């Protein structure tokens, strides 16, 4: 396009700067390619689905993550940049507060135009422009790299939402559509008893520390790193499994009010919950609807699609409790970040998709997000960044709970020990599970 | 396909029977072709839009009208018929009462699969099978012809819904998409005063009489023809115009509670009504969103997209009232059925689309449906037909009001003097207008 | 009491005028006394109950009916009149539209002050002032008499609401309070089959005619008297009984969607209806909560507390239909107005209370209001009266159905053949029943 | 009554035991007397008010606090005890979960019977029986004393609710009733700037320690005492005042979305908040409705009736934040518990009522509850007590925020440094205010 600046312009960069630009460019390309791969199996009709206000159509995710790069990098920093349609800034912003109820968040599924082809063209247009900016050896290259990195992590968050929103949208179709064909025979493992590992607690540090081993990207809400005091505790060596959950159901867990928080009981009654979301019983066996179509429930795999209310009731029934996020983070320590993530690895240079459903045998990371008992609150000394990006996380710090560890819908590159995701206690459509904790002896 | 019966099998038919089959076959072909023409300008994304429970996606209309022929003719009468997918019967039935809230009427917009291509193939499959049945010279040809005729009128009703549901769905898009390009310069006529024609009333007959000049198709609710007594009355010679409506608005009609029915006032306050649906003001001029995109409001054209509540308040403000449906039907008499309908006529053998918006200068038919003050109730002696088709209209006979005359979204072939359509008094998304009446002297 | 004004003040009146004033004064005194008698068994706490927006506290009814005389007679016509508290005009008007949601109709139960004693003092104050006006031999005595008559009929309507609102309010108390002790052993009659009487129909007249035998009071909506044409029909000789209704229930009437109007089915499912309001089953027998406390259901007595939706479904199940209001009024003809009303008669000069529950053996009047299939619409030529009183009935003419005949909660003096009451099709808390009709042969 | 055991039976008690019984008896008598004093100005009608589900009628508070002593002491421990009506156990329990929606929590205002007189008799009956049990020198006297103490603290919580629920109920009355006449001229103080006190933080202890200086009563949720780590911080020396709040309002605080949590903004828009609850503007001056009737807003007095959402937005606007509950408790330290509480002191042996509205000049306790940024969560090692009383606080530990310090509606005897009350972030009808905090330097 319009960015003809040759690579030789970067001659004045330090090797570290060059490495940084190279790494960010690779991250950008991989992230954008993953979004394209995620929608490759989808029809234009599939990409329109918005089953509820909490979810967005795939097409919107594709456009909104593109708008982010345009709005925060290209428009303010590239005077030659031209948007394919200035009205996209309005359509694909997250919050059209000023636009009134006819264009509210729950109406994203009514935006049939621009169509998918136009959105893919918009993506390509922005990618080309941004690649040129990254190549151009500009004075503000370091700042731009930081913003691109933020944009990539933002897009990875939306990749996770894209697949879980899609699962929710497709779940209303009586035909039970298959997003990805099953990869082999469905697993049916044995449900082994859980064991607990003791942790001494004491005065520990938590949160992201940019200057230490955790160097890299983190969100504002993971900082500052700070001290917190933990009593001795024990943490289960695996998430709660489907087999455990079926035992809870068979013991009448969904019908015993004494196990439930008062708000949780009211919610469960109002919604008619008697099993995790997407489960049904057929010929005496439990099935669930997944991104790989209908699947028999594997007793050994982590339970998924349970709300905080259900997780809390389960823990009480078990004579245990949910961990705090400090306990979880302290226990995770420097465990390597391996697990069942959205991307399974590389195959001939291109990323391959992961299992897309939780599987038995994982560790602290992947498979399911794990509810903690910690409300999503600011860390001591928290300060939101300046400017529009400052709205990133702070305004959500009420009524939500922190989950840790990532899931089978989380891109691997998004994960780190300090990562905090958060959802409302009634929500179930994400890959939400739990791991039990106990006070020490 | 499977229907090999040669045309010579029809040798035993009477000429009248043969004419009837020929006419019905032509009606079937024209009706099915019109549905295809209506969606020709649409993308798969456009055909997914379901903006509210009252509306359905275009794709659903296409499939549901096809299911009707399959369910009521092919399956019970053609033992060789095979559906492309037996699950379509579930997906495209009107009322999935047994299927629970996850598959309720307001979730039709979440059925991304089958996609548009599959639905078009389903249509072709059923059309081919039905054409063969019509050709086959069967003993039950007369019954089948009646059912095909019913199916065509059913499809025409859905054609009207298809375009008005589409208008509603597209209206949420801030880009204000254009379904059909404007046909020439937008009209801006002068708003002439209304005049009234006197009618003597007395004991009159109304309703459909199959044996008389009205011979042809009619719905159950138009029968039996019966006597009713009318006091002398006067009826306006044209519908209320946009210019009239602007005068009402400027006189504070939307703010004067004494003009409104109590339920109407509550509805108008709750919904924030201060103009017809799709209207907005820009630089001192009124605009409206139409199937031909944003258009300046033509003072001379009939007002459209007003609810019964608004129509009733307008009539009260005017010192007039809405007519009863008996008054309307008696006044219409045997006026020829001409007007601004969904189809404009024929051009080189193929139907052409009409104006798609109301225009000045029309008569009793076309442009806008006209609210009457008559609730939709059974005529004396009404009996619903036997069987599943018996549910056709009777179960709607509460809380709705009758409108007469057809609109610019109504296929011409659907109209007749006795035709009763009906909507709830709060609804506005159809092509709904009004014509005033007065008591005599 | 305080009525010392000598009759000689009225010396210039004609005997007819004097008779009219005497009659109206008696009506006023009897009406006001009945209101006092109705609340005599109630505590101040009982008089605060407002169980839903459709209902009002007894205290409010007492005050509002008093405000009517103050607002429309005393304030405009008696310059010496002083209200005990000018703010009552605001508190006890029907519609505080201008006052915003904090003082809306559904908040009447939150007006603890003025207390019952203050309201009773307000009543006495207005009664005294009005009696003086009636005695005074004024030039506008005829107009005042008309307004007092209207006020008395208005108060009688509120007497009916007072007892049915009270029944609804008390029904939420698990102690099942008794308003009036049962008058003898509860009836348990045999349920005899219904028989139908044939009516010829034809061109008939209906509505109130002030100049004929019906001379007396009527509401605007009962006029003008007008012609209407009826096909021959048959009308049942008694209302549908509890025994009939139990048969409907046992036949699965509440579970068979094909019997119901679509809106009715949705309402019944949403509300969980499976029997008339206030019914429950105990040891295999049906009981209902009544103004005389819990009572076993009498199979021979008319069913009560059923909605239009239920009445319509019952009629369809019976192979019959509801009558139109014209059919009902024509059949009633000049039947004497006798029956089970709110007041049973006179005992030592003072009125006595009636049964307060429907009983077997009645005629066209009393026991239960009878749903007709006629929506509440204006009669041909209807014109609301001028002024504030003009709002009386016209603004309710949408979405409601007419009932005829009065009930065991209706004051006898309120009834006449042309009387139209009206309720929404989902409402059940009034004394609502039904009588079947059929098309002739 | 039935408890004839002579005082000499207590001969075997230790002096400490005797002192304990004497103290508890005095607490019981004072608590019960305070409830009677609180309702002395109320009519039976006033005691029926239930303006919303969160609030209960005064009559219900009187009965429910009595039921507590009956249910947990008299019935299980006094075989001779007879309830005046066994059905009261059902009517006056907190949660009629099994009773279905017709008797749900929001229907307490529909229980007109038993009336106030019956409820007062119920109170006297239980008081007499309990006094006899306390006098009787029983073996389980210590356990009973603990339960009576719990019952008194329970009743004190309900006293606070009684007056704030009453204020809310009366606020719907356009007459703006006065619960207690103003005590002197309304204050109009000057609003002095706030100053901050520095606190070093570090590893501190918080929560109730029964064995230490805090010996006495505490709820389960205040335990166990535990360590927590605090960064250095600063705490304002006074609550936010009305003057401060008016500055926030005048600066457009209610209209600036960037100041608000996302859920808070949505709530404020939905509810139309633009000032604290009960405020209105009149002739350019702010007024508020209080338990002493309409009062001009005192700029120097603490602001009250603001939600967490408003408090959080105000703090952000101020460049400060809300304190955590650990910061608050640590700062309070062993400050004497003095302040503007529900009871002002003793006058001739009987308690007198306090100001009933917040006043300028107070310290950490009294006037207004102070929102903290701490969600209401279990302390590390929290275990709910066994049995029905175990439901006391644990089931509320979600979606609520902790407030500290007590208010002008809190009985003085209820307060201690570890006391945690909690409300939902949208609630405003309690005496809710705030005090600012800041991170140190």
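Each chain gets a letter, A, B, C and D, in the order it is written, and its residues are counted from 1.
Note that in this section a contact is a pair of C-beta atoms (placed from the backbone, for glycine too) under 8 Å apart; a residue touches a chain by one contact, two chains touch by 3 or more.
On a predicted model such as this, the values are computed, not experimentally measured, just so you know.
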item: Labels of chains that are neighbours to subunit A and to subunit D; value: none
item: Label of the chain whose CA centroid is most distant from the centroid of subunit B; value: D
item: Approximate Å spacing (C-alpha centroids) for the pair subunit B, subunit C; value: 41
item: Chain centre separation (subunit B, subunit D; CA means) in Å; value: 61
item: Centre distance in Å when subunit C and subunit D are each reduced to the mean of their C-alpha atoms; value: 46
item: Multi-chain contact residues (two or more partners), subunit A; value: none
item: Chain contact graph, described as a line, ring, star, complete graph or other shape; value: ring
item: Interchain contacts (touch definition) - all pairs; value: A-B, A-D, B-C, C-D
item: Of all residues in subunit D, those that touch subunit A in their complex; value: 97, 203, 226-231, 257-258, 260-264, 308-309, 312, 321, 373-375, 377-378, 380-381, 391, 395-399, 425, 439
item: Sites on subunit D touched by subunit C in the complex; value: 43-49, 51, 59, 87, 90-91, 99, 102-103, 107, 109-116, 169-175, 177
